[in-house]
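Heads up, there are several structures right after this.
Both complexes below contain subunit A, partnered by subunit B and then by subunit C.
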Partner chain A sequence: MVSLVAGVRRRLPASTLGRNLLLVLAALVVVVLLLELTDPFRNSQLATMSYYAIAAAGLTVLTGLNGQISLGHGALMAVGAYAMGLLLNTGVVPFPLAMLAAAAVTAVVGVVVGAAAARLHGPYLAGATLALAIGVPGLAIHFDGVFGGEQGLQISSPRPPDWFADVIYFLFANEAGSAKYFAYIGWLTLLAVLLLLSNLVASRYGRVWRAIRDDEVAAELAGVPLGRLRVLAFVVSAACAGLAGAVLGIVVRLAAPSGFTIVLSLSLLTAVVVGGLGSLGGALLGSALLVFLPPAVTGLGMQAGLTGVQAAQLAPLAYGVVLVTVMLLAPGGAMGIARALWHARPRRRFAQQPANTHRMDEEPSTTDATEPGGRT
Partner chain B sequence: MTETAALEVRDLTASYGPVTALDGVTIRAERGRITAVLGANGAGKTTLLRSVSGLVPTSSGQVLLGDRELTRASAETIARAGIAQVPEGRGVITELTVEENLRLGDLLGTARRRQRHRLEQVYALFPVLAERRRRDAHSLSGGERQMLVIGRALLCAPEVLLLDEPSLGLAPQIVAQIFGVLRELVDHDGMTVLLVEQNARSALSIADAGFVLNLGRVVAGDSAAVLAADDDLRHAYLGF
Partner chain C sequence: MVAPTAVPRGAATTMSEPLIEGIAGRNRRTMQQFLNVALNGLSQGAIYAAFALALVLIWRSTRIINFAQGSMGMFTTYIALALIESGRSYWVGFAVALLAGLLLGALVERLVIRRVEGGPELNAVIVTLGLFVALQALAAILFGATYRSFPAPFGLHGFDVGGVNIALTPFNLFAIGAVVVVMLALVALFRFTDVGLRMRASAFNQEVSRLLGVPVGRMLTLGWALAAMVGSLSGLLIAGGSLVFPAYMDAVIVYGFVAAVLGGLDSPVGAVVGGLVMGMTLSVVSGYLGSELVALAALAILVTVLLVRPRGLFSRTAVRQV
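Now for the complex of A and B:
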C-alpha cells in the first residue's frame, strides 16, 4: 500500500501547476461520476458541501497559512449571497457574472475588515471578526426594504438550460433537474477555487504568508511589508467566502439573516481544523464531514430505535466527539494522517529505485528525511 | 570621535508603560567600524536596537542614518533605508528552505539580478549555507541558524548591521567564526556594525569602540581598548 503510494507520487509531474492541474482534472472525473451515480437528494447535499468547501478553502488559507483567525466568514458569505440575490433578481445579469461580482463585492468588504484585522492579534482579532458575524445579519434586518428583513431575500436562481439537460441525457441517460445543475455549478466553482488557491499556496505569496505566521519580527526586519500581505490574505479569503455565498444563494434560493449566524462561522472554522489546518484537501474533507456526518448519525440513531428528536440530538454530540477525538489523536487533522501515509517511505526495495531528485526542491523536509537514496 | 557617523542616536527615550527602558541615550556608530553596546541584563541594549529598527516606539530623541532622519519610521522603511537588524533568538522560518529564508525580504520583489549577486556573496561568506541552500532551515544547527539570519540581513544590502547577542548559546569556536566574518565585512566592504553583547570580553576583542549601558543610560563610551583597560568599569558593569 505504502509502496504503491510512493510509486504514484514519483510519477506526478514536477511542476506545481502541472501537478495541481492533473489533480483537479482527476477530481473533475470523480465529481461527474459522483453526481451522475447519486439521486437528486444526494446531489443537493453535494451542492451544499461545495459552498461550505469553497468558504473553508478560503478560510484555511487565512488561518492555516497566515495565522489570522476569523469568526466572521459566515458574515462574508452573507455579503456574497445578498449581492448574488440582488444581482440575479434584476433579471439581466447572467449568473457567472453575478458570481464574480458577488466575490468582488465581498473582496472589497475584505479590504476594510482586513485593514482592521492586520493590526490585531489572537483574541482581539477573533473579537473583531465576531462583531462582523453578529453585525452583518443585523444590517439585513435593519434595511429590510432592500434585503427583505427577517424573511430574507428570495433569489431567482438560474434554470438548467436545455443544452445542459441534453448533454447529461446524451452522456449518462440521466434526467437533469435543478438540484443536479446547482451541484455542477457549485463543484465546478469549487474546483476552480481549489486550483487557484493551491497555486497561490505554493507561490512566493504562500511562502511569505507562512513566514509571517511563523516569525513576524523576522519577516518584518527582512523588509516584508507585513500589513499589506495580511490584508491581501484577508481579501483572498473574503473573495472565496463571497463566492461561497453566491453559490449558496443559487442553491438555497434565499438569503436570510438566520442562515448566516455565528454558528455558520464556527462550523467553517471547525471544518477547517478537523480537516487539517492550512490544507486545502483538509477543507474539503472537513466540509464533507460537516454535511454528511449529522444525517448519517441521525439515520443510525433511528435504526437503533431512538425517536426522531433523540436521533437528531445525537448528531451535534457525534460532531463534538469527532472534533475532540481528532484534536487529541491527530492535531494535524485528517490531512495530517493522509500526509503521513503519502510521504511514508516504502519499507523495502528503496535501494533499487532511481534517485528522486526533482521532488527535493519541492518538499525538502519530508523527502530529505525519509529517502536515504534521494540525495545526490 | 571624528568624521561622520554612519548611525547616530541622539537623546533617545523609550518606555514600556511606566518602565523607562532608555533614558536619553546618545551613541554613534562610526562608518566602517564595529561598535559594541555592552551592559547587563535589563540595561536597555535590546530596546536600543529595537527602537533603532522601528520595532519599539520611542517617546523622544532622534535616529539618524547619515543625514537621513529615521525617527519613528516603520520597520519596513528602516530596513529598506539600509539598517538591517539580526534579531536575538535567530528568527529562522523553519518551514522554508535556507535560500527562501535568505531571500525572505525580496521573495515578492523584482530585484532578482542584484539579489542573485548578493546571495552569492553571502554564500561565499558562509559556505555551509551554500551547501544547504535547498534544505529546510529546520535541519540547521544553532550556529548555522545564526549565520542564516546574518546572511538574510546582508541581503538587504545594509549600510549598518545591527546584531543582538549573536554569540548567545553558541560554542566559542562558532562565535569566533561569526565574529571573523563580521570583521571581514567591516574591513573589506566598509560595513558599519553595531553589536549588542552581554559577553563583553569577546565583544571588546573585535570591536573598535564601545558604549556601556546601565539602567537605560550610557555610563561610558570610548574606544574598545580604553574600555577593556578600565578596571573599575569592568568590575562594575561588565563582569570580567
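Now for the complex of A and C:
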C-alpha cells in the first residue's frame, strides 16, 4: 500500500499547477458521473452544495490561512446575488459575464470591508462582520424600488440551451432539465474556484498569509506588508462569496433579505470549521454537510414526534452543537483528524519523500489547542 | 363694489390663520418628535448599557466576547414567558429568569468556556458563536418560532405632560430604574465586598491572584454568572410590552457590542455611556431615516470608532492593538 502511494506520488507532475489541474480533471469526471447518475432532486441538492462550497472555500482561505474570521460572508453572498439578479433581469447580459461582474462588484465591497477588517483581529473582527451581516439586509428593504424590499428580487435565470440538452442526451441518453443545467454551472464554477484557490494557497501569497496568521510581528519584520496582504485575502474571499451569491441567484431564482440572515454566515463558518480550517477539501466536505445534514436530522425529528417547524430547527441546533464540540475536541476538524491518522501510521517513505510534500504538514496551527495563546 | 374687495381680504385673513397655526403646529410636532426620539433613545440606551456592561464584565475577566449573550438572555426570557403564561405573576417569571441567567452563565463558563480560555482567540469566538446558534434553535424547538407578545408589569401608555402625550411610559421608567439598581449593586459588589475584590484581582492578574490564594476558577465562573444575569435582565426589558421570537436579540448583540467598544471594552463606565450614546443615536436614525437602517448605522459607528479611536472613549489601559 505504502509503496503504491509512493509510486503514484513519483509519477505525479512536479509542478503544483500540474498536480492541481490533474486533480480538478479527475474531480470533473466524478462530478459528471455524479450528476448523470442521480435524479433531478439530487441534482438540485448538488447545485445548492456547489454555491455553499464556493463561499466556504473562500472563507476557509480567509479564516484558516490568514486568521481573519468573517461572519459577514452571508452579506457578501447577498451582494453577489443581488448584483446577479439586477444584471440578468436586464435581459442583455449573458450569464457568465454577469457572474464575473457579480464577483467583481463583491470584490470591490470586499476592498472596503477588508480595509477596515485589516486593522482588526479576533473578537473585534467578529463583531464588526456580525454587524455587517445584520445590517446589509436592511439596505435591500430601504431601497425597495431597486431590490424589491422584503419580497426580494425575482431573478430570470438562464434557460438550458438546446446544445446542452443535445450533448447530455448524446453522451448519457439523459433528459437535461434546468436543475441539471444549474448544477453543471455551479460545479464548473466551483472546480474553477478550487483550482485557482489551491494554486494561490500553494503560492507565495499563501505562504505569506500563513506567516501573518502565525506571527504578525515576525512577518512584518521579514518585510511583509501586513495591511495590503490582509486586504488582498479579504478581497479574494469576498470575490468567492460574490460568485457563490451569483450561483445562488441562478439556482434559487430569488434574492431576498430573509435568505441572507446571520444563520447563513454561521452555517458557512460551521462548514469550514467542521471540514478543518484552512483546507479546501474540508470546505467541500463541510458544504456537503450543510446540504445533506438538514434533511436527515429533520427526518429524524419528525419520526421523534416533533412538528415540521420544530424539526426544521434541528439543523441549526446541530450546527451550533457541532461548532462547540469540534472546537473543544478536535479543533483541526475532519481534515485535522485525517491528517493525524495519516501521520500516525508507520513511516517508511521518509527517505524517498520529495522535499515539497511536507507542505501538507504546515496546515492550520491557529486551530491547535496546544498553541500558547495567553495574551493579556 | 366694496364687497368684492372686502370678501377677498376677509378670506385672506381667515385663510392665514390656519396657515400660521399650521406652521406653529408643525414646529410643535417637530419638537415633540425630537423629544420622543430622545426619550425613546434614553430608555433603549439604558437597556443597551446593561447588555454592554455584561459583555465588558466577561471581557475583563476572560478576554472573550460572549457572542452567545443575546441568545442566553433570549432563552431565559422565554422561561419567564412560559411561567407567566402558565398563570404565575410577572414578578415570579422575572425572578426565575434572572436566576436562570445566573445558572446558565455559570454552566456555560464551567462546561464550555473553561476549555478554550487562554487558547487561540479564534477558538473562543467560534465556541460562543456555536452557543449562539444552538440556543436560538433550541428555543425555537422548545418554545416555538412564532412571534409572541410579552407582558409588561407597568403601563405602556406614555405620560401626559401639559396635555401632550410623550414617549415615556411607566414601563420605560421601570426599565431605566432596574438598570440603575443593577449597576449600583455591581459597583457595591466590586468596591465594598471581599468577593468583589477577589473577582477584580482574578481579572487583573490570574497568576498572582492564584499565588495569593484566590480561587480564580470560581471567580471566573461567578463573573460569567453575574454577566449572564445582567444579560437576562436586558433581554427581559427589551421583551417587555413587545414581541419576542427566537432571533429578537440578534440586533441587540450588535448594538451592545458597539456600545462596549465605544466605551473601550475594558471600562464598565464606558459601557454605560456607550450604551446611552448608542440608544440616542440609533433612536435618531430610526426616527428620521428608517428602522431598517439601524443595524447599518451601528456598523458605521463601530467602524468609525475602531478607525479613529480604537481604544474607545473611556479605556484607561495602555493602547491595545485591536
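By definition in this document, the second predicted complex is superposed on the first by the 296 of 376 C-alpha atoms of A that agree within 3 Å, B and C clash if a C-alpha of one lies under 4 Å from a C-alpha of the other, contacts with A are read in each partner's own complex, and residues count from 1 in each chain.
Note that a residue touches a chain if its C-beta (ideal position, glycine included) is under 8 Å from a C-beta of that chain, and two chains touch if they have at least 3 such contacts.
Owing to the predicted nature of the structure, the values given are computational and were not obtained by experimental measurement.
> Considering only the touch criterion stated at the top, classify A:Met302 as touching first (subunit B), second (subunit C), both, or neither.
neither
> With both complexes superposed on chain A, which partner does A:Ala211 reach: first (subunit B), second (subunit C), both or neither?
Only subunit B is touched by A:Ala211; subunit C is not.
> Between subunit B and subunit C, whom does A:His142 touch in the aligned arrangement: first, second, both, or neither?
Only subunit C is touched by A:His142; subunit B is not.
> Just subunit B (first), just subunit C (second), both, or neither: which does A:Ile262 touch?
second
> Thinking of the overlay built on chain A, is A:Leu120 touched by subunit B (first), by subunit C (second), by both, or by neither?
A:Leu120: touches subunit C, not subunit B.
> State whether A:Leu23 touches subunit B only (first), subunit C only (second), both chains, or neither.
neither
> Answer with first, second, both or neither: which of subunit B and subunit C does A:Ala219 touch in the superposed model?
Once the two structures are laid over each other on A, A:Ala219 reaches subunit B alone.
> Should A:Val322 be classified as contacting the first partner (subunit B), the second (subunit C), both, or neither?
In the superposed model, A:Val322 contacts subunit C only, not subunit B.
> In the three-chain superposition, say which chain, subunit B or subunit C, touches more residues of subunit A.
The partner making contact with more of subunit A's residues is C.
> Between subunit B and subunit C, whom does A:Pro331 touch in the aligned arrangement: first, second, both, or neither?
second
> In the superposed view, which residues of subunit A touch subunit B and also subunit C?
Residues 368 of subunit A touch both subunit B and subunit C.
> Along subunit A, where are the residues that touch subunit B in the complex?
Touching subunit B: residues 204-205, 207-208, 210-211, 214-215, 217-226, 229, 360-361, 364-365, 368 of subunit A.
> With touch defined as at the start, can you tell me which subunit C residues reach subunit A in the complex?
59, 63-65, 67, 112, 115-116, 118-127, 129-138, 140-141, 144-145, 205, 247, 250-251, 253-254, 257-258, 261, 290, 292-299, 302-303, 306-307, 310, 321-322
> How about subunit A: which of its residues touch subunit C in the complex?
Checking each residue of subunit A against subunit C gives 63, 67, 69, 71, 116, 119-124, 126-128, 130-132, 134-136, 138-139, 141-142, 261-263, 266, 269-270, 273, 306, 309-310, 313-317, 319-324, 327-328, 331, 366-369, 371, 373-376.
> Per the contact definition, I'd like the list of subunit B residues that touch subunit A in the complex.
Residues 53, 55, 75-76, 79-80, 84-87, 91-97, 100-101, 104-108, 134-136, 138-139, 149, 152-153, 155-156.
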